[in-house]
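The following pair of complexes shares a single chain, chain A, combined with chain B in the former and chain C in the latter.
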Partner chain A sequence: MKILRYDVLAILLSLLVFLFFTWSAYKQNGETGYLLIESMDAEFLYPLSEDREIHVKGPVGESIVEIHNGEAKFTHSDCSDELCVQMGSISGPGEWAACLPNEVFLSTTGNHTEGDVDAGVY
Partner chain B sequence: MPVFTEKQLNRIAMLGALSLFLSTVEYLFPRPIPFMRLGLANLPVILCLDLISSKTGKAGEPGEFLPLRGYFLLILLKVLGQGMVNGTMASYIFLFSISGSFASGLIMLLAWRFLRPDISFLGVSILGALVSNMAQILLSIIFIFGASAWRILPWFLGIGLISGLLIGLFAQRFSKKSRWWAAIKGGRI
Partner chain C sequence: MINRVQLSLLISGVLGSFFSCEGHNKEPQTGTETLLGTACVIILNDWERGTDTAELLEESFDLISDFEQILSVNIPDSDVSRINRAGEEGFRPDDLVLNVLESALKIADFSAGLFDPSIGALVNLWGIGTDHSAVPEDNELNQALRTVDYRKIKIDQDGVVSLMQDGMRIDLGGIAKGYAADRVREYLLTKGVTSAIINLGGNVLLCGSKPSGDPWRIGIQDPREPRGEYLGILKTDDRAIVTSGIYERYFVEDGIHYHHILDKKNGYPVQNGVISTTIIHKESMIADGLSTALFAMGVERGMAMAETLADTSVIMVDENNVVYITENLRNTFSLTSDSAYSLYP
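== the complex of A and B ==
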């Protein structure tokens, strides 16, 4: 059984491609993503890398969302049960939290390659 | 004039049947993603490469063990077999499967044709696995899952590399040891 010149080359090529994509996927995981807030009448996109407090208005009243240490959570809402506050922090791609009475929906995404933030509002 | 001689048809049918059988074996392995495969059914396709490129040299034969269209017919049979066994014939997965198989089939053919004295079943098998995976991921990024499909690519490539290696080594050994294969190469079957 012989292993020839281009066999080795094919293995190396394949390994190289594998390592490259493993590395790039790993790198992508390290970056913090964005918080998307969908409320009654508007959508907001905030980077998770900056700490801030956001006040969102809904039909019931005001919901307060806090971004801290790359995680987002409801800290207060004017709804009756505050289930949204109990949902805790979200941070990873595809995680979400919602306040149904106040119609506020939070979701976190990975880093946006398309639809990046145009400008930040402070 | 018939497209294939009877012997050629028999060879394609045999390899196609082997591919169908291997698809069934492969079905036993769990798959985290529907179009993720070990590539066992690729074995007959790899072996078939050796048949297109060699001449029989026997009188009365049309010169080749198998014409090029026989190779592509085998790939089509393989895809159909996989589609039937996995039950994905009428779904988008089938389109992924068919494009992955033909892309890798084409690359394997080119590698076999142009790098021939310096490449064996091993290298061809690994290249085929690589191209098949890349083609399928590319399609899934464009049509279904979007950019986040890159994340599963390392899994595909890693498993593809290992299974491509094993299948290539097996093909090397099989083509040397098998009496059935020797019979085909000798022009008897």
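== the complex of A and C ==
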């Protein structure tokens, strides 16, 4: 059988489709993750790629959350024990930290790397 | 040479692989609530077509909240509090509470009382994890210790629970999170969820495997580092993973570290060289109870017992940074590359 002009076109089209979706998947994986902050009465979403400091009000006062180098953490909270600050940084999908007395909850999405875990047990 | 059949296979292969990927490419749906005195996170990863994931998350948290209302020792009108107030006179709790209590008594029997649901007065006395934690006086400890004996919890044929020792208080906190997680998994599976993670304050229960079919990667907390630093990674599916450690609830007084796993013999926190014990089991409630019991047994007895338990895996860490694992974890657990721990043997 001879290869017709349309066969060549079909092969090229298939290759283009393949390359497009491979590129899309690669681009999607390379996207930065996000930090979701949930408090008593509001939710905020920030990209982890931009450094910033966020002040969140809660029932016992103020909690301060910092985004730095793609990671998020509590740097201060007006709770009695600051266990939230001790929880350290979060960055991978499904990771979270919380200040229970001040009812502030942080969780991160996306930004998956090979070393990440799906859940942490403690 | 290429013929038309090969050509059409190539095209359908390329398009087919795209559409099959699309089928698994659901954005995980996450819900978070503060319940059972901790942060509860549920992540739905895959589900049957037409499933209302937002409703499932809401219902799941409602279930946990309902359990808390009847199981918590900190809620004055919970069934557990009513049992404690009724003492010897007895109280007939909800069937669900009976179910949890009977399971607690089985674990107590199995562990010869190292896990004991009647330990409430001692837990209350130390107040670890509350803002009034303090080392009790010896006479207070002795008084509380006299009230701890699970064999004096009586359940009659009508389900009435009586505490046959003055001052006894039951506390089901040791397995309540596990019980709640098991029931939420049951609920999600019946509603068409095929892949999910239920994380109740660090007690993790996995539903199925990842949508890709790969096992989940579960980080086991490094007891000496801040939360989120792992000593090792476990690859597993469809299992509960629960850790008891000295690092989670504790206080320091006069330079001494007092953690929350209490020894019934002397009333003080267990001091046997173990710093964390992780149980992997199909039921979260069993894993919850066993993690306390095996912690209290110590490395030698605990690991020997672990090898005799069906369908159970154990990871124990001692104060010399040695990690002990059951034989059935050889191929699925590994220390992290920069781990300060060594694996035994």
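Structure notes:
One rule holds for everything that comes next: the second predicted complex is superposed on the first by the 80 of 122 C-alpha atoms of A that agree within 3 Å, B and C clash if a C-alpha of one lies under 4 Å from a C-alpha of the other, contacts with A are read in each partner's own complex, and residues count from 1 in each chain.
Definition applied: a contact is a pair of C-beta atoms (placed from the backbone, for glycine too) under 8 Å apart; a residue touches a chain by one contact, two chains touch by 3 or more.
All figures in this text were calculated on a predicted structure; none of them were measured in a lab.
Residue contacts after overlaying the shared chain place A:Ser80 against chain C, while chain B stays out of touching range. When the two structures are aligned on the shared chain, A:Leu9 is found in touch with chain B, with no touch to chain C. Comparing chain B with chain C, the partner in contact with more residues of chain A is C. Contacts of A:Ile90 after superposition: chain C is touched, whereas chain B is not reached. By the touch criterion stated above, A:Met40 is placed in contact with neither chain B nor chain C. Of the two partner chains, chain C is the only one that A:Leu100 touches; chain B does not reach it. For the contact definition in use here, the residues of chain A common to its chain B contact set and its chain C contact set are 1, 3, 7, 10-11, 13-15, 17-18, 21, 25, 93. Contact residues of chain A toward chain C in the complex are 1, 3, 7, 10-11, 13-15, 17-18, 21, 25, 38, 80-81, 86-90, 93-98, 100, 103, 105, 107, 109, 116-122. Chain C contributes residues 1-4, 7, 10-11, 14-15, 18, 21, 28, 30, 32, 34, 37-39, 41, 43, 131, 197, 199, 202-204, 206, 210, 216-221, 226-230, 233, 241-243, 245, 247-248, 278 to its touches with chain A in the complex. If you check the complex, the residues on chain B that touch chain A are 111, 115, 117-120, 122-124, 126-127, 129-130, 134, 147-148, 150-151, 153-154, 157-158, 160-161, 164-165, 168-169, 172-173, 176. Residue ranges on chain A touching chain B, taken from their complex, read 1-11, 13-15, 17-18, 21-22, 24-25, 28, 93, 110, 113-114.
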